[in-house]
Amino acid sequence: MVKKRAFGKLKGREVMVLGIIAAMIILFSFLSPTFRTYPTLVSVLDNSYYITLMALGVTFPLITGGVDLSIGTGLVSYALIGGYLIVHQGVPVGVGILACIGMGVLIGVFNGVLVAVMDLPPFLATLCTCMITRGLGPALCGGFGVSWPSALSESGAFRKIFKFTTANGTVVPIGIIFIVVLVLIMSFVLNHTRVGRYTIAIGSNKEATRLAGVNVKFYHMLAYIISGLFAGLAGVAYAATYATIYPGSGAGFELDAIGGAIVGGVSASGGVGSIIGAFLGVIVICLMKVGLPFIGLQANWQQIFTGLVLIAAVLIDVVKKKK
Amino acid sequence: MKKKMLAILLGAVMVLSLAACGGGGGDAKDDTKKDDTKKEETKKDDEGGSKDGGYHFEVIVKSFQSTYWQAAVIGIDNACEELGVTANANGPANESDIADQIQMIDSAIEKKPDGIGLAACDTNSVMDSLTKAAEAGIPVVCFDTGIDNAPEGSVYATVATDNEAAGACAAENMFPVIEDKIKAATVDAKVRIGEVNQDATGLNIQQRGNGFIVKMIELCNGVDKKVAVVGNEFYVNAAEGTVAESEAEVIIEVGVPAQTTVDLASTEAQKIMAKDDTIAIWGSNQTTAEGVITANGTLNKLSTDPSKGIIGAGFDAGTPQKEAIKNGQFIGSVTQSPLMMGYECIQTLNKIAKGESVSDIPMDGYWYDMENMEDDNIKPNLYD
Amino acid sequence: MEKIKQNALVQKVGFNRIVLIFVLLLMYLMFGLLTGGAFFGFSRIANALNYAYFLGFLSLGVTFVIATGGIDFSIGPVMFCCALVSGYSLTMYGVPMVISLVMSVLIGVLFGTFNGYLVAYWNVPPFIVSMASMNIAKGIAAVFTKTQSVSWPQSSTEDGWYRNFVSVNGFPIGLIVFLLVAVVCAVVLNQTKWGRYILCLGSNEEAVRLSGVNVKRWKMLAYIICGTLVGIASIYFVAAYTTVQPGYGDQYNNEAIAGCVMGGTSMVGGLASISGTVIGVFIISLLQQGILALGFTKEYQYIITGLIVIAAVYADVSARRRKN
Amino acid sequence: MGEVILTMKDIDKSFPGVHALDHVDLEVRKGEVLALMGENGAGKSTLMKVLTGIYKKDSGTITYEGKEVEFKNTREAQDAGIVIVHQELNMLGHLTVAQNLFIGREFKKGIRIDDKKMNEEAKKLFDRLNVNIDPKETMSNLTVGKQQMCEIAKAVSFDAKVIIFDEPSAALTESEIEEMFKIIRDLKKKDIAMVYISHRMDEIKVITDRVTVMRDGTYVGTLITEECTKEDIINMMVGRVIYEDPKTESAVPKDAPVVLKVEHLNAGKMVQDVSFELRKGEILGFSGLMGAGRTETARALFGADPKEGGDIYVNGTKVTINTPQDAVDCGLGYLSEDRKRYGIVVQKTVAQNTSMAFMKNFMKGIFIDKKKEKDVAREYVDALATKTPSVEQLVVNLSGGNQQKVVVAKWLARNSDILIFDEPTRGIDVGAKNEIYKLMNKLVAEGKSIIMISSEMTEILRMSDRIVVMCEGKKTGELDIAEATQESIMNLATREIA
């Protein structure tokens, strides 16, 4: 109880992940002097935006007991289409961004129909969508990479949503504000609105939820639409952070996001999970991505560690349940 | 009942999707034609009867991922237009999809074109396919990437950049800017030169990376400074004439991202740029160069003035790099001539088809910076 | 329709498989006509086959895992890891060819054991284990090879004999090996205790456990079988494509799982058909070849494969719903 | 007697191949509890599903409060005041009690769900029903009985005029059932009409006013509860008298060898220091209330769940049982109460299920001897009189009683001498029940020994030679059948609670 009060509304798992984050930061700072600098912090954040956004969205399907594997290839595909419209068709940047998000929602609806209406296993259905989105972007845009307008150009203002450079050259990662606001909003949605309540209910017992008179199909679908929407937002974030969108990439992004969510305590079998947890979990993954190279490990070690951390995170749950 | 359902559904979907593939695919083909081969079409109408026209070539590029290949395709189109031939370009989704590319080559051989232009993703894995092409009597011209040890009689000519020279070119142009700093370096106050290399996979990529390192070592030794190479083990082992890290005055650090994506490349770049003794950094291809630019978005350390920050340089072109040079983040970059390579590839194929003798065409890597970007011999190669 | 289904022969072969074969032939015919006959040649088939074997082995392997109600989508990267680690040992450390080949398979077995152990003995969800071992496989491969690609010996070299596994002078040895392995898999799945337990525990694990069966062992076995086949797949991959690069391999997961599911193996476990998987794989690779022959880029193949698998799964799901 | 609130007339409903309801009538009055009885498959649940809009009727009329109605889904029925309390608990384990109560009709403040108000309302509701449950507790932390109370409270909270209880007592302890009856009596006073579906004759006599009996999808008749006997009702349900008297003395000789001895078995809170003996040819009844730890004892004994301590002797030799595998090797067999989850593999054939526990015996080299498998399965199908078209039938297509027989066959094929029957007749209709009883008697006559866990007092008294009674994880007594009565068992079963 004392612990509960000390950390306000955070749950045990979230406190634990916070602890891990702190430990990692201390360890990395101790081992690498260059790590404990302001720019590194910014770059961890930079790397985390699109993954966090994906994680916020994919938490909903995960809580319903499903999964959305299409977000990784999806976000690249949406960003490609948005960029294509801006660069090659000359539409205003705002419209391009909307197109990017809109495509995400559209694929979300598609996933939702497959899973909620047609009753396909979510894993397989979204695996198929993953393939489809992988082909879709390049197919629509002629297969070439696209560079969204750069920060310095006139129409590149959208990049400043995430990063603002002051006159004296200091970089302000205002994207984090944007992310925190979204985390709070989605946390509210999950815990205090019908959408969230029914998402948890579906993950807990879909049939019972249906018998309670809830329009299960709609809310089940909505979980995937939310996931798609955030994949679209992640597409914008990715385009804003990195120079060029390359078709054919993106496979594997979803694993960072899903892995982060799971490290943060979202259950792979549904019903359990928090947005804050997912967010913190993603930070762990990103710290590893950015931090491990700093302490002198080759980039590839990061993958091995990510795998091990993921198993460790789940094993904690398994062992706890055994007790 | 169950099975009936299955039968009907599966059958229907197959038919539908194939129809969609036919129809939708048709649209897409139209699109690509509009983009890539429109001129070729009109040209054919005009000079359809010309004697040396009418050949058809298959071209297989590494992928359509980067705009580099877009430029190559333009070059191919230009040549087609001039010669009144047709060419069909295809490539895998990703430069790493070796397997897909081989299937494409075999598929191209099946079509029995008058020649094949090939930019191989991997030089070793295409050997069997090249043998098949030779057996089928289809001439192959390699462009962008040369293939050593190609089977006898398969590759007629190579139109490729000398990657080692191109890498060295970057080192040569970078060195004068940081020369003073290197001269001032001591064992206790080392200076660090970073190189972010695309994965140490393809031979040409290794050559390029090594070309830079070898040249840089040579230049540093020229001013009596000892060099150590650290980072990716492949390059560390490949480097000659180096000393242990503790004895060196100059350190060349090579970072290789786990995959060639911008996000991973930028992490590698950040790692190097965050170090206080880093004086210069080079990205060895379009993706890694963009990784350096992305990293700078956070660190803001790049400058054209060695006293103010880190000297940056890149490779290939693309909008982000061109802008980085224009606004003083990069001192310059090395471009190959994808456009010319594509053009020369078709020219060569055409000559072979006509029975003329051909020879290898080495292409240069050009150093470009703010001054010469608009020059006539440079500008066409600086694709977006 | 009912009459056809009552036919003894049809019942024996299985109606679903007949439908699949029909679909396969239909597609072949269609591609043939669309390409103006260019698709019909023998060399085209031989080509398609050479490139299909590795996918076939992956699919066979993952069939066992899916039969237990699990999933393994680390198979692609693990296959690359096998080929990279053993190939690097071969080219850099001079390990003899035979040992390298054995190593490939062993590494596959090792990953299978690792996955199976975590899934069976620690109850970690298969989905998570796949994600983890996918990362680990990529990481190990890259660390071991120092992020270099590895090219296996050409057929002309002394060590090139391993390519005979695929074909000798155009004679498709690979096909024979693949079908043999498929037959062995089918026998294991349907005629032995292993397969019986794997299928039963996919259907109702707890009931099997309470029958006094060591379910953990059999569950792990399914993953080990999968790992073994992934190891074999890696040999067929390099024999067809020579070079492997670290950091990749994901794309083959989808294709392998697609082939398996299309063949009628149910994602909820307990139902699996090896012959279905074999036909499923042929459909997938025919699609791949056909789309290439029509001159379309890879993207269209992704899209169409995705749609077709959705249709196949929907047929399966709706048929089962009807039954209940 | 109140006025008629709901009339169903001439309700007809067919599924492919089954005429589920054949012109059934039903009449419910305000302020009464109407028992709806019938064997499994008689059409009780189907009728209720037609009423609440889960199924669409083929013909017939439903008149509710004087108007003809047809509900499209449960939601519409709920809104009109007809609510079902389901047999399977429809709880959402991850949500709190209050969130469960108001799922689908949350109180809102703008777009925000007003959890505070929901908790208050839930508290009020529980106070009114006199139950003590914290609305903020997570549902999965409640006992099954408490969860059932929540279901009832939820039904009440709809301002229901008609509440249908579908086997509500199946999972409740005696005291919880008593508590539930109190609520039902309260509701009666408020003029609410209730339909009570149950197999338990005793409850029917206690709580209901009238009994409507169905058989094979048809309406048989309606009786006034007070005026009829159990036998009357059973006769209407099955069309023949099958009620049997309790066993009066043990059939096992006093000197029969002890085949299983369990000493000081411990496994968590539910199994504390349990010791007992089982003799050859004996049926040892395990009685107690729901949650007394009987199933847990059996599972711990069988190695299905980990145990903390205790010695087990089979035929006088001490054995170690850590996994079901060990248990099976010692000759034990376990027939779970939840067949579908723990007993059979429904998607496999009768033959495959029969051979499952003893594959070793069905091998020819490394291959399965499918012929032998089928032959053996056929033997047991005949011996146990399992009704199945063939041994290659998928078990999913068999009825509950026949599925149970397949599980028995599995253990017999394994030569298991000690069989643990956990609630052997749960969910099995009266006719099939008798067959299972006959089978058990036949097995012990052949020298097998049986441990039978049962919550039905009549079953315990009818079948057992000796009775072990448990309460809250402890063995509270052991009775010989000669001295056992309902009262003496109940005394022991509630000993710890007082």
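Observations on the model:
We call the chains A, B, C and D, going by the order they appear; numbering starts again at 1 in every chain.
Note that a residue touches a chain if its C-beta (ideal position, glycine included) is under 8 Å from a C-beta of that chain, and two chains touch if they have at least 3 such contacts.
This structure is a prediction, so every number in the text was calculated from the model and none was measured.
Considering every other chain in turn, the ones in contact with both chain A and chain C prove to be B, D. The minimum number of touch steps separating chain A from chain B is 1. The interface with the greater number of C-beta contacts, when B-C is set against A-D, is B-C.
Using mean Cα coordinates as chain centres, the one most removed from chain A is D.
For the pair chain B and chain C, the distance between mean C-alpha positions equals 33 Å. Computed from the mean C-alpha positions, the centre of chain B lies at a distance of 71 Å from the centre of chain D. Annotation: 45 Å between the Cα-based centres of chain C and chain D. Of all residues in chain D, none touches 2 or more other chains.
Shown for chain A are the residues in touch with two or more other chains, namely 134, 138-139, 143, 247, 298-300, 302-303.
Within chain B, the positions touching two or more other chains are listed as 28, 64, 91-93, 97, 232-233, 256, 258.
Interchain contacts (touch definition given at top) occur between A-B, A-C, A-D, B-C, C-D.
Put simply, chain C touches chain A in their complex at residues 71, 73, 118, 122-125, 127-129, 131-136, 138-140, 142-143, 147, 246-247, 250-251, 254, 257-258, 261, 267-268, 297-303, 305-307, 309-310, 313-314, 317-318, 321. On the side of chain D, the complex with chain A involves touching residues 73-75, 78, 86, 89-95, 99, 103-106, 108, 111-113, 115. Chain B makes touch with chain C in their complex at residues 1-7, 9-11, 13-15, 17-18, 20-22, 24-25, 28-29, 64, 88, 90-93, 96-100, 102-104, 106-107, 110-111, 122, 124-128, 151, 199-202, 206, 232-234, 237, 256, 258-259.
Residues 67, 114, 118-121, 123-125, 127-132, 134-136, 138-139, 143, 247, 251-252, 255, 258-259, 262, 268-269, 298-308, 310-311, 314-315, 318 of chain A touch chain C in their complex. Contact residues on chain B toward chain A in their complex (touch as defined above): 28, 31-32, 35, 63-67, 69-70, 91-94, 97, 232-233, 255-258, 261-264, 266-268, 270-271, 274-276, 286-287, 290, 293-295, 297-300, 318-320, 323, 327, 384.
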